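Presented sequentially are two complexes of subunit A, the first with subunit B as partner and the second with subunit C.
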Partner chain A sequence: MTGTEISTGTRSPLWRNVRVIRVALQVMAVVVVFGAIWILGTNLRDELIAKNLPTGFDFLNQPTGVTIADSSFKPSSPVWAALIAGMKNTFALTIVGIPLVTILGTLIGVARLSTNWLVAKAAAVYVETIRNIPPLLIILFVFNVVILPLPAPNDPATPLDWFVISNLKIVGPGFTSSPGAGILLIIVILALVAAVIVGRWRTRYSDQTGEHHHRMLWGLGVFAAIVLVGYVVTGRPVAFSLPVLEGRVITGGFGGLGSYFAVLAALVIYTASHVAEIIRGSILAVPRGQTEAANAIALTGFQRLRFVILPQAFRFALPPMINQYLNFTKNTSLAIAIGFAEITLVTFQLIGNGFPAPQLILLLMGAYLLFTLTISLIANVINRRLQLVTNR
Partner chain B sequence: MTTTTIPPSPKAPLHRPVSPSVWMKQNLFSTWYNSLLTVIFGVLIASVIVALIRYLVSIDTEIIRVNLKLYMTGRFPAEQLWRLWAGVFVTTAGVGLFARAIVRTAQMKATTAGLEFDRSTPWDIVRRFWPIGALVVFTLSFTQTITPSLLTLAAAAIGLAAYWLGGGLPAWIIRRSWLIPLVGTTAFYFVLVGYGGVGWDLWQGFFVNIVITIAGISLAFPLGIMLALGRRSSLPVVRYLSVTYIEILRGVPMITLLLFGAFALGFVIPGDVQFSLFLRLLVAITLFQSAYIAEVVRGGLQSVPRGQVEAGQSIGLSPWKTTRYIVLPQALRNMIPALVGQFISLYKDTTLVFIVGLLDLLRAAQVSTAQPEFFAQGLESVVLPFVALYFWAGSYVMSRESRRLERKLGVGVR
Partner chain C sequence: MKRIAILAVAFALVLAACNGNSDATTTVPSGTDDTPPPAAMGDLLQTVIDRGSVICGVNEAVPGFGYTDADGNFSGFDIDYCRAVAAAVFGDAEAVTYRALTAQQRFTALQSGEIDVLIRNTTFTASRDGREGATFLTTTFYDGQGMMVRSDSGITSIDDMANLSVCVLSGTTTELNLAARFGDTPFTPLTFDNNDQLQAAFVAGQCDGWTSDKSQLAGVRTNFPESEGGPEALTILDETFSKEPLGPVVADGDSQWAQVVNWVVLATIQGEEWGLTSANVKDYDGDNNEIRRFLGLEVTTDEGTAVFDPGLGLPTDFAVQVISQVGNYGEIFDRNVGPSTPLGLQRGFNAQWTDGGLLYAPPYR
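Right, the complex of A and B next:
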């Protein structure tokens, strides 16, 4: 038994065996983490029982006693309905805010790189001022200094007779709909699809024949024609409406609470300053040769930006932009400070009304995760497509 | 054979002086639309400046003068204020010593590398930190007695003296310069709390914003490093646990954590143990920040080339030693700019404690506008910009410093 000594060797002891160590460490991690969760969970249950609070989620069906401004929500409605109403308001902020942030941020980011000294400096001052101020402070400022001094709800201003503006509510022109509106909405969506198909066809046509595609013109034409025909066929279900003031009640028009606009404006102003920096960085990241190439084929300044620089810059910009969209969504929770009933404020009120805080906060976190995961999912799909199309 | 004579190139000045009219033609009126933009923006900016001047002339800063103590320290007992000033002295002394230690470290490194050491001139320091100095002067202009100004001067003198004395610190302290903030923080705590002092339940006002920022980041840092290492671990269970924690906390707003700290943390803590609101919020903020710090640390770890780890393994270091002596030192250096970014973001976010009722600077401002003599006079338009200045000055200076560091460390340009 002399030749095999090396292969059999002396077995390393158990505590020095890599595989054993790996398994042991992982088991230890699981035991520590889940042990801690179990202990804290037991505490939680005991404390809830001691304070006479429900330990489950049955309270979701109880009436809330909470009112939510500007919604059909009644204090007798159940808790889950209040949470849904809050989520709707959070959604209303996010869905309007994200496009606005993108547009304003891009404009400012481009302005910072303008050859016009005054424009560039103004944009730089805006960015350096706004992004170093807490968003909560901007929200409080807009609400207290811009919205609250507006006329009282019983005597609102009505500029041009198109708007009804008070510090409670701001309403502008909108649409009223009658039963056929649903069908018209479907027709509009179909028209959009048709316009996209026609636009694609024109692009292909242009690629094959070399003639100008005019795809915007064609697309818009098809869209307008289909919508117009649909509008007449469905019996003109949608009408233009101006807000009308009757006593203290505003009928018609389209608008929202003053606090909604305060949060929206403040967060758009704040987030745009961050988006502007991203856009600026991304434009600078486009290789200089691209600008020179665009100049060499005599593109105008606008064409250079539109067809050469921005398409490439947006590819760099998208991942950090996703982050800003997520930040915007999370920052809508600051609306709690001025009493706009998004999901955080609703939760806060429910806790104040004696519903169990731990479960509600768990649901609140779940709601935000739903929002943020959805946004990052959508954005990541777009990102992957963008990168795939261009990776050669 | 032809000889071409190369004409001696005229030495063109780097910055040719441009006459104002030419400069304006180039930068403001180069094309018709640029001229249009200049006019539009000129009018806009002029109207903003006019509005700003009108505003500055019209405002009555009485509310700030009356409430300055409330803004800065909340309801800190007046007879104990000397402790806070002593704390300020400890802080400036510590900052002075620490600054000197950093300068000396840089000096030593430059000498060993045989490089010229470019020392910042006092003028550089003024240019880099003027917003903070201006803010201190601005704050002092609202005081009603001369004592705070004198004490501030004393604090500045102590800081300078400490910087000068730092030249005599033994080398072993310089090599362990992290000792200085550690000792400083401990001293600060004892000056404030020791022998019948003021516990953190009464730390309020702008003071608490600063404390929460520094404490939040410092406490979250070890947890963040652990999470980041966990996320890069080769053990799947550890990795998944870390990723779950990081991604959940990064997906929710900080307010939810503050609500958790204010209303739910008491439920999971056993028995009759009672923590103050300040402490509960600090725990919540630490838990929240650690997820973000983990991502910062991960970025730093990823910036260390793989060859470094392999080099460590090849000389027979254990995984732990490779991490501790090879990877982390390089990673920590590279993550400083991002860490400063996180610091700024928490600094701004400390205002959120407002919502759960801790009397921070913003809450104090809100409270002051509800006082009977200032109620409903639209004084938010005075106090909110005042509060904004504090956050702006700090964030602005830190963000410029972090960009400067980024350039100096050459992060991203290796």
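Right, the complex of A and C next:
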């Protein structure tokens, strides 16, 4: 430390000490930010009181009186249950949508770099058209042009007797569950963990002995054995079922409202166009020498992509992909335009029926925050894992 | 992780600020020291006069009540009441700025002061009166909820509709009545936030029924596309399953402005009772002192002649302006929704009390 105090020998005054200034600035920034939030919050509260509007969150326990399509929600259920029902529908969109977006986006991104002229141009046209159309228009288009022209629910189409398709509801083969299905789900998760452990053990074994690891075979075998035993032990709680149409009631099978599929398809189509560009850019960012090296050891085109290019490209792609996943989640709020009861529609429905708007909008923002932070958290964990591999 | 923690703290702070005084609101009556006083009496009336126009929150998608034509002109029963307020305040029925609102937006617009008055087929309910900070004024239209189905569907009663789907506008009392009417009977409610998308879904057969106030159903029925069979393809079931008193709404806290809008409505009702129409109101020269007071004409009393001013804050001749420029209740009804219009509604409950209806204006004295 002595070396830093050169000529005078006296300590510099506190207000010129860099470390003190840094800390002070940070403290000030925190105070300003939280002060602003506090002022906004109290301002909101005072205005509400002045206008004789309810503050507080007591309304969450009152019955809503509204109904929500295709859900077990009853008009006598409280407000918080309605919000949960809305979040479930938003979750149903994101959990199915994000994997589909990843797959479709990757396919199109790879296709755009294809040496086949037709495939490359088709992918280019897709990306350039779709990503320049607002997602709301795509949702309205899919709903009005694809879903509504389907047969009306009083005379649905039943292709192969496996599906019941109408513009109200689309149901396909699925599983019916009885009590015990929850336990089976836990067993399946445990089986998955066991399979991963066995796979790791096989990898280690292979590293030590040099014998082939067959880890896929081993893992799947362990997984199948555990699940099969669990299935029998829990009393076969899950059965394959086809949708059955009786009058207007569809029992069995697995499906959703027409509006659900409209939002899902529209947002997957839209977001995939952005993901495709990310994938294309990431593939181009992999050094050319990697391709040449892969060619030099005579890998096929598919092998080159699967084992050399894509694993590296995904590392570049992941951070911007997280953004697209978040966009997908936030864009689900556009479903309000076609009446799919996700969290935004439910919130507005409640506001329209006399529940306080400021509080509900705060809760709505909180709900989206919860969704997006969860997604970033998961994605960041994956990202860190990928990054570690490079640093090793 | 740090980012999440910061966001969580910020969010909790807002919630806390919002929740902080929730107990105080229930115990402290408004107007005491620690709450800001409500807007001073007459503030909004003066604001409106200074601005030179009334900002009126309206519907734009219900023919007969509030509707915009292709040129963007508003017309309808509710629109005429906006014009009546302007006629009373300014003597000019055209001094109105219209704000088209959805059902969900309307109360927020009223609370935030974006509009002066909400005249948008809004049902008077206790919770809206209490929780939305709204003051409901004299009902202009006594309505009830009905169900519209395809004429060829074979549905004759709501009891035939178990397991069927029903389209409804979200954020409306009709949504609540629908749930109550079906009770434990399973059905699929499809909620839309605008009538156009709802109509597209109905045309495609996605919903078997379309529920709303009967007057609104009559309005959209007249507008049903000819390619789908026109109005004849639709039937409004006889059953009425709710009370829907519709009328103008103002924000809580300004009783003078509430009086002004209220007496504009009452003037149209009183005018009809006395047979004053847009054609004859300006020429009235009779000696009925009640009518002379109402029209702001000189009244002879023991102390001499004087013009009666009830102190509403309106010009003494406001009733003349309202009736001559917009018409009395009967004229407004007949012009927009009456038997000679496409909607073809009968007066029903909306007749004068002297004809067995519910329209009854208090004495003007």
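Going forward, the second predicted complex is superposed on the first by the 338 of 392 C-alpha atoms of A that agree within 3 Å, B and C clash if a C-alpha of one lies under 4 Å from a C-alpha of the other, contacts with A are read in each partner's own complex, and residues count from 1 in each chain.
Throughout what follows, contacts are C-beta pairs under 8 Å (C-beta built on N, C-alpha and C of every residue); 3 or more make two chains touch, one makes a residue touch a chain.
All figures in this text were calculated on a predicted structure; none of them were measured in a lab.
Colleague: Does subunit B (first) or subunit C (second) touch A:Ala69, or do both, or does neither?
Modeller: In the superposition, A:Ala69 contacts subunit C only.
Colleague: Mind working out whether A:Ser333 is in touch with subunit B, subunit C, both or neither, as first, second, both or neither?
Modeller: After superposition on chain A, A:Ser333 lies in contact with subunit B alone.
Colleague: Quick check for you: in the superposed arrangement, does A:Val31 touch first (subunit B), second (subunit C), both or neither?
Modeller: Touch partners of A:Val31: none, neither subunit B nor subunit C.
Colleague: One more residue to check, A:Ile133. First (subunit B), second (subunit C), both or neither?
Modeller: first
Colleague: Contact-wise, after the overlay, does A:Asn52 reach subunit B, subunit C, both or neither (first, second, both, neither)?
Modeller: In the superposed model, A:Asn52 contacts subunit C only, not subunit B.
Colleague: For A:Pro153, select first, second, both or neither according to whether it touches subunit B, subunit C, the two together, or no partner.
Modeller: second
Colleague: Does subunit B (first) or subunit C (second) touch A:Leu44, or do both, or does neither?
Modeller: both
Colleague: Based on the superposed arrangement, let me know which partner A:Arg22 touches: subunit B (first), subunit C (second), both, or neither?
Modeller: The answer is first: A:Arg22 touches subunit B but not subunit C.
Colleague: Considering only the touch criterion stated at the top, classify A:Leu168 as touching first (subunit B), second (subunit C), both, or neither.
Modeller: Touch status of A:Leu168: second partner only.
Colleague: Which subunit A residues lie in the overlap of the subunit B contact set and the subunit C contact set?
Modeller: On subunit A, the residues that contact subunit B in one structure and subunit C in the other are 33, 40-41, 44, 48, 144, 149, 336-337, 348, 351, 357-358, 365, 369, 373.
Colleague: Could you pull out which subunit B residues touch subunit A in their complex?
Modeller: Within the complex, subunit B touches subunit A at residues 27-28, 30, 34, 37-38, 41-42, 44-45, 234-238, 241, 248, 251-256, 259-260, 263-264, 266-270, 344, 348-349, 351-352, 354-355, 362, 366, 378, 380-381, 384-385, 387-388, 391-392, 395-396, 399.
Colleague: For subunit A, which residues count as touching subunit C in their complex?
Modeller: Against subunit C, the touching part of subunit A is residues 33-34, 37-38, 40-42, 44-46, 48-58, 65-70, 75, 144, 148-149, 152-154, 167-168, 247-249, 258-259, 336-339, 341, 345, 348-349, 351-359, 362, 365-366, 369, 373, 377.
Colleague: Within their complex, state which residues of subunit C touch subunit A.
Modeller: 4, 7, 9-11, 13-25, 30, 35-36, 38, 103-104, 107-108, 111, 125, 127-128, 131-133, 153, 163-165, 170-173, 175-176, 178-180, 182, 186-193, 197-198, 200-201, 204-208, 251-253
Colleague: Spell out the residues on subunit A that touch subunit B in their complex, using ranges where they run on.
Modeller: Within the complex, subunit A contacts subunit B at residues 22, 25-26, 29-30, 33, 40-41, 43-44, 47-48, 114-119, 122, 128-129, 131-137, 140-141, 144-145, 149, 326, 330-331, 333-334, 336-337, 344, 347-348, 351, 357-358, 361, 364-365, 368-369, 372-373.
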